[in-house]
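Structures given as structure tokens follow.
Below, chain A partners chain B and then partners chain C, in two separate complexes.
Presenting the complex of A and B:
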């Protein structure tokens, strides 16, 4: 899965969880600025883990600040499989 | 252990399960209370070093103490509404009563600190109470005892972390009186967290799927108490977060994940329960449903 596909999946997951369209979101967006709190992010990460069959350790999850941070960690996990 | 009794049928089995749950929850309370009596009792007037109080309290430190007082101002509502949701389980009812007693000492000691240090006047505190109480009442965020127990575990752990950070700041600034107050309060808060966690472990054993569903619900809708009632809440919390260095990472790392770990639930289980709830909601809202 390339970065664009991963970003599209991220948007899809966020919209299904948050039930609102995500406008103006880019990889550089700060997750908190999208109105997603820490428990919301945990849900999003969990959904990505489930769909892509990867596992992100808790200590990495708590450090994620931007969308790019999150996608980078997921991409690394995908490549490590 | 079998709970089946010949001739009693499903109703009898439900009664037995409920009796067993009541007994287990009462045991949790007795353990909590015995330990509190042995190790944790303190007197806000006698055990705090009031003779060491300083008059040069920085405003941000005072604001934090005042905000804790403001949140605790709704204690009568927390107790009365809390009692209503945990009926009919005696262990939880008695815990709620004891919890109210302990929390009242927190508000009282912080208020004494603000007044004795000169950081606030009697008039200012009365004005704040007026703004907190007139026309306002706290109502629970969740409807059932199980949901409120899960909420209690997360909320008390968050409060514990906040108080620990405030304690360190008071210590760094040389405000020994306030450090001791926060030390007593933090000790109480973590004891409350551990009681709630013990109850959650019992509830998980009795009904894991239902308890996980409630965990997911509480996680999705979690908010700190009185967020919508305390005047200038957002600005106050911003100051508190900055001072305590509390950000999003800290909430997951120091509050949420430790609670999950201690009750024996994985993040994957919570996410799975969240997904089930979403699917159920979508099913309910679709025209075919």
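Presenting the complex of A and C:
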């Protein structure tokens, strides 16, 4: 799965969980600016894990700033499979 | 009298039941009580080898139940005082987290801090800066040779410290003795749940650094030899179906969760997940730690009835860390008991029954556990009668000693013979109804936040003055869920609102992980205050809800202004 596909999946997952459209989100978007709290973030990660059949340890989720940071972690786990 | 340590020894000697630890990677680890006791002794011996002496505090940042449970019990077994701490989250800025850790370690005078290597690496220098007087020990490096420790704690010995409030302002450590711990643990299992190791099995994803998970599922079950299936909290949040799947697979009979978790499960679990489930084994679906919503519980029951869930399993309960954990339990097997009352009358201190469609529906939290006394008192401290709303005050054998090293707060909360809960409620006969949260406390997703903490942070934003804002939780459309609202005295400058809003949201988010649902700007000097200048949060919220706030820059003026400037 390339970065574009992963980003598209991310958008889809976020929209289905947050139940609102995500305007102007790009890989450079700062996660904090998306208006998603820690609970929402975990739900999104859980859904990505489920769809992609990967597992991301909690401590890899702590220092993320942008969407690209998060997707980078996901991409690494996909490659490690 | 028999403490938790004695109970653990007894369980190790007599029970063949196994705890099950579900790991983040999906694997399971089964541990019998005797193995658990041995592991605990290993941890205890390790703590002593690292220099801890009887009565010393050992802080724990151990997110996985797999390691947390034996480490926590290990401290107790070695005559030490565990101090559980929450781990860093994915959204709160690490510097803010470091600040909280620093406060707790200092306040508790912690001798040791135990955490996994991965956490230590994550926190890096932040940790060294936060813990100058505390020895940092990695779980992987703890010397855990098997050693028989023969400590018998006395009833009045301090068992543990539960730190309340998860934010940067002075967290307070609730001091719980072995006597209080045993009283509550036994009462929960025998009086409240009538639990037995022969037939019961607990299932929990609750955070173990928080009272409901810690006392409810780590401590109490040992007194009744009841095995527990532990899921890491983040596993549940990521995949809510894992909670009910575990109940189905392990035939769980008892579970507890805050209200938001029942709502989350209802909306996130898919039909294909629940297809094969049989949840009829669940005889207790407890609910506590935050205000309970009858519609949420009904929706959950409706959703999972086809999978065998019984609504009579619901067990609303009330309690707090200052009471070790549990104060009141609903009777077993009772259908949800709610009270429909007039919301206006409620605000004025009377729980007047109402059949109006605007009636507030309050969920009953049951009756006081035996030996515990619950009273409702007025502002002047006088005891109020049935259906009169006042502060809930309690006394009994599980009320904690006080706050660690904080005489003033201890006197204010525990002084006078009764614990002042700060929660508002009323009695109808024996039945307790909790009608209002602690006077200003914000409870979101089962966690407590002090408004002062959020307000301090908001006041750091350019344009908002110190003491010039108020934070509270309120239901916001369209979801009708509780959200964080900030009301701040600040002018509504042309085109500047978005920037100010973004700055406020970012500051709040990075320090508390909370999303600001709404920011309202009001004219300078219009925030309601007491005669001594303190902000009146409840009144501010009331005005917000009623639309009575003096908003900055009325819309028409702004539009006129813009029209003028565009000319």
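Just so we're on the same page, the second predicted complex is superposed on the first by the 81 of 81 C-alpha atoms of A that agree within 3 Å, B and C clash if a C-alpha of one lies under 4 Å from a C-alpha of the other, contacts with A are read in each partner's own complex, and residues count from 1 in each chain.
Operating definition for what follows: a residue touches a chain if its C-beta (ideal position, glycine included) is under 8 Å from a C-beta of that chain, and two chains touch if they have at least 3 such contacts.
Note that the structure is predicted; figures quoted are calculated from it, not measured.
J.: Tell me which touches more residues of chain A here: chain C or chain B.
T.: On the superposition, C touches more of the residues of chain A.
J.: Is A:16 touching anything from chain B or chain C once the two structures are fitted on A? First, second, both or neither.
T.: A:16 sits against chain B, while chain C stays out of touch.
J.: Does any part of chain A touch chain B in one structure and chain C in the other, and if so which residues?
T.: Shared contact residues on chain A (touching chain B in one complex, chain C in the other): 32, 37-39, 41-43, 46-47, 49-50, 58-59, 61-63.
J.: Note which residues of chain A are touching chain C in the complex, please.
T.: Its residues touching chain C are 31-33, 35-39, 41-43, 45-47, 49-50, 55, 57-59, 61-64.
J.: What residues on chain A touch chain B, complex-wise?
T.: Per the touch definition, chain A meets chain B at residues 16-17, 32, 37-43, 46-47, 49-50, 58-59, 61-63.
J.: Can you check the complex and tell me which residues of chain C touch chain A?
T.: Touch residues, chain C against chain A: 24-26, 63, 87-92, 94, 118-119, 121-122, 232, 234, 237-239, 260, 264, 268, 445, 502, 505-506, 509-510, 513-515.
J.: Would you tell me which residues of chain B are touching chain A in their complex?
T.: Residues in contact with chain A: 219-220, 222, 248-249, 251-253, 256-257, 267-268, 270-272, 274-275, 278.
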